[in-house]
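In order of appearance the chains are A, B and C, and numbering begins at 1 in each one.
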Amino acid sequence: MSRALSLSAVALYAFLHAPLLVLALFSFNEGRLTVWEGFSLHWYAEAWRDARLVEAAANSLWIAAAATLLATAAGTLCAYGLWKRESRLLMAALTASLVTPEIVTGISLLALFQWLFRYAGLQLGLHTVILAHVSFCLAFVVLVVLARLRTMDAALEEAAMDLGAREWEAFVRVTLPNLLPAVLSAALLAFTISFDDYVITSLVAGVDTETLPMVLYAMARRGGSPVVNAISTVIVVLLGAGILLAEGLRKKS
Amino acid sequence: MGAHLELQNLAKEYPGHTALAGLSVEIEQGEFFSLLGPSGCGKTTTLRLIAGFEQPTRGHILLDGQRLDGLPPYARNVSTVFQSYALFPHLTVRGNIEFGLRYRNGAGRQAMTDCVEMLGLGGKLDRYPRELSGGEKQRVALARSLVLRPAVLLLDEPLSALDPNLRKQVRAELRALQRRVGITFVFVTHDREEALSLSDRILLLKDGRCEQLGAPQELYQRPRTRFAASFLGPVNWISGFGLRPEAARITRTPPASGYRSAPAAVRASLFLGNCVHVEAELDGGARIVAEISPSEGAFRPDERVFVCWRPEDEIRAAEP
Amino acid sequence: MTTRLRLAALMPAAALMIATVGVPFVVLAAYAFQSRGAYGGVMPPWTLENWQRLADPLYLGILLRSLLAAALSTALCLVMAFPLALAITRAGRWKNLLLALVMLPFWTSLLIRTYAWMFLLRDTGLINALLLRAGLIREPLPLLYNWGAVVLGLVYAHLPFMVLPLYAALERQEPHLLEAAADLGARHWQAFWRITLPLAAPGIRAGILLVFIPCLGAYLIPDLLGGGKTILAGTLIQNQFTASRDWPFGAAVSLALMAAVLALLWLETRRREEPLL
């Protein structure tokens, strides 16, 4: 019984991780085909020389940074307010935003923007992408921060106020420092989700803005190339490093 | 005919730790047998070896002459009442009690009815464990095992989860229940009062070995070691022997013949309602506590007195 | 906390939710009852035609196929995740590491994880290359751009969502319960069937929900691994807003999908004592 269990667990871990490992391995392949022809970094060099890729990556970083910052700030405050007293309506809206299929979120935002533009004369672009990203990251941030708040002793703030702190001072000096690890991991989650998004972004980006997932998607639809492997590897490694770093910070605090 | 349940040189070793170091004991049919000892002495390990949750490193377990070791738990005609009761949370009281009936033939509907009635669970059959009080949970755990009519019932500190007021009452009920069903009980506890009041015999364990085996009176009055003496009750150590507080008398005049005595000074006196604890310092320097009846008079600090006792109450225990 | 301060804290998020969830929903609902414009967009008159088209066998088939793909993926996830979650609960000091290894793909890009399967399955992909080289096949097997590939991708992407709630439910079980079952005469599989499985039920239900809902509305995976050949609800919606330029119908399909998702969520949260998320 337990041997069968261990064997199936090993098989499932292989299923979960082998595809990415193989993908990364072949980013270092000399040749274009799926046959090992020797170690090389030239696919990485080719990706770096591709101006379209570099610009898309810069866009993605910029969007993810802005969306993370805004979503984390708004989400943390929102979680704090909800912790003080539940709001069923707001919770329902956040849950709805969490479970709505991406494609539906995308087209509903697109419909909204089109409708607005008819009256306000705005254009799709970076700003609409950032707004969309803040919107779908918000629920994740609230979720992570609220989970941490629920394990926190409400008496801490009361003690701070008992010792003379005003409410906002109690929040800033007592609650926020205790909350920081959760806020950090929420921010990281938001960054990951934002950086990765293709479906919603492609719908609200308009014609002039391109993000890295959009370029990768287009390349993948054309059948892919080792350059996609190389970029994928870089993204996975950087995100992985970020997570390990955040996890390390969380453990330390 | 040999013993009903027999442990032969039973040992359990873990990496870097010996839980049980070769225990041999014979338990009679219908006996209320207690395994007593401090935490880590190996008493729960012994129970888990008999139940089959762990396999012994050495030695054998025999039930009516048949070897139990090697059999999986579900094939052993013994049953366990867990310390946490381990009631199945998704099943009602009825579901819990009926759980084993499917696998163990011999017991049937009638056993179920008898058990439910005997343990007074009639009105609770459709409740879930989370809706029961501590005492009720314990009775369901008992019923769940007893309904299978096991040859031996193993009880792992079944009273420790109850609140102290309830414990004494349930203790009496447990003893009466065992008399009534006539099943051998092997009872694990670290509480000496429980062991002394319930058991036919007690096995005192220390560091995975048998420290002493005997009837409650024997262990209490004739402990073989200092550890046994202290574990079974408070004891004053006076040069070379021990004296239970209740065996010591305090008098103002030298005692009658048949008593030994030592001059002493009262240091403190503590009124406890049903008795008085008098703390006295013998002239040799040893401090002792005597438990006397309130009717024997009041003693003031620094009063000169005699501490007396009967020679047969002296506990001659080996070191340590 | 004073009401004013709490309101100030909730304000940015509430405004964002109203602007990007509430208002778009109203706009979408309004679109769904109008007629299509010539170049996308909508125009009067108000109509129920879009909803009637949903009953068209062509579109009904697509919706049913989406339900089927989601159900199949969910079932496969459950079957795979259960032994995995069980193995993790019994892994002792390796527990946290094993759990992190399940979570890891969740933190890496969905797009990249899906592309990894394209890389393995396509005609010139690793699996075909190895089989060809081994001489087992002469022509590449058509592994990509079909139903199987889509379900495989869905299972792969959503497996962690099933493992985590199952693990949480199994981890909560008191370890003595299985011993008690054995003690009362139940064999391993009997104890599994009568104790482990019923007690894991809340985790199973949560897992089913967490996998089924995103699978139902999935767009990226069916599009990449199905190659546009296996049209599911997500692709149908996307088409209406791009190639077909039939926004009202796209809005109707979107609302139908949302209704299905919210109904499932409501059914589950109604009977739960603890929050799902």
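Everything that follows uses one rule, which is that a residue touches a chain if its C-beta (ideal position, glycine included) is under 8 Å from a C-beta of that chain, and two chains touch if they have at least 3 such contacts.
Small disclaimer: the values here were computed from a predicted structure and weren't measured.
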Check: Most C-beta contact pairs, which chains?
Finding: A-C
Check: Taking each chain's centre as the mean of its Cα atoms, which chain lies farthest from subunit B?
Finding: A
Next item on the list: Can you figure out the chain closest to the middle, judged by Cα centres?
Entry: C
Check: Whole-Å distance, subunit A centre to subunit B centre, using C-alpha means?
Finding: 60
Notebook entry, point to check: Measuring from the mean C-alpha position of subunit A to the mean C-alpha position of subunit C, what distance in angstrom results?
Noted result: 18
Checklist line | Centre-of-Cα separation between subunit C and subunit B, whole angstrom | finding: 56
Note to self: Considering only the defined contacts, which subunit A positions touch subunit C in the complex?
What the structure shows: 1-2, 4-6, 8-9, 12-13, 15-17, 19-20, 22-23, 26, 33-35, 73-75, 77-78, 80-82, 84-85, 87, 90, 93-104, 107-112, 114-115, 131-132, 134-135, 138, 142-143, 167-168, 192, 195-196, 198-199, 203, 213, 216-217, 220-221, 223-224, 228-229, 232, 235-236, 239-240, 243
Checklist line | subunit C-touching residues of subunit B, taken from the complex the two chains share | finding: 51-53, 72-74, 78-80, 82, 84, 86, 88-90, 99-100, 102-104, 144-145, 148
Item checked: subunit C to subunit A touching residues, read off their complex -> 1-2, 5-10, 12-14, 16-25, 27-28, 31, 41, 80, 83-84, 86-88, 90, 98, 101-102, 104-105, 107-120, 122, 124-126, 129, 133, 156, 159-160, 188, 213-214, 216-220, 224, 234, 237-238, 241, 247, 250-251, 254, 257-258, 261-262, 265, 277
Notebook entry, point to check: What residues on subunit C touch subunit B, complex-wise?
Noted result: 174, 176-177, 179-187, 190, 194-195, 198-199, 201
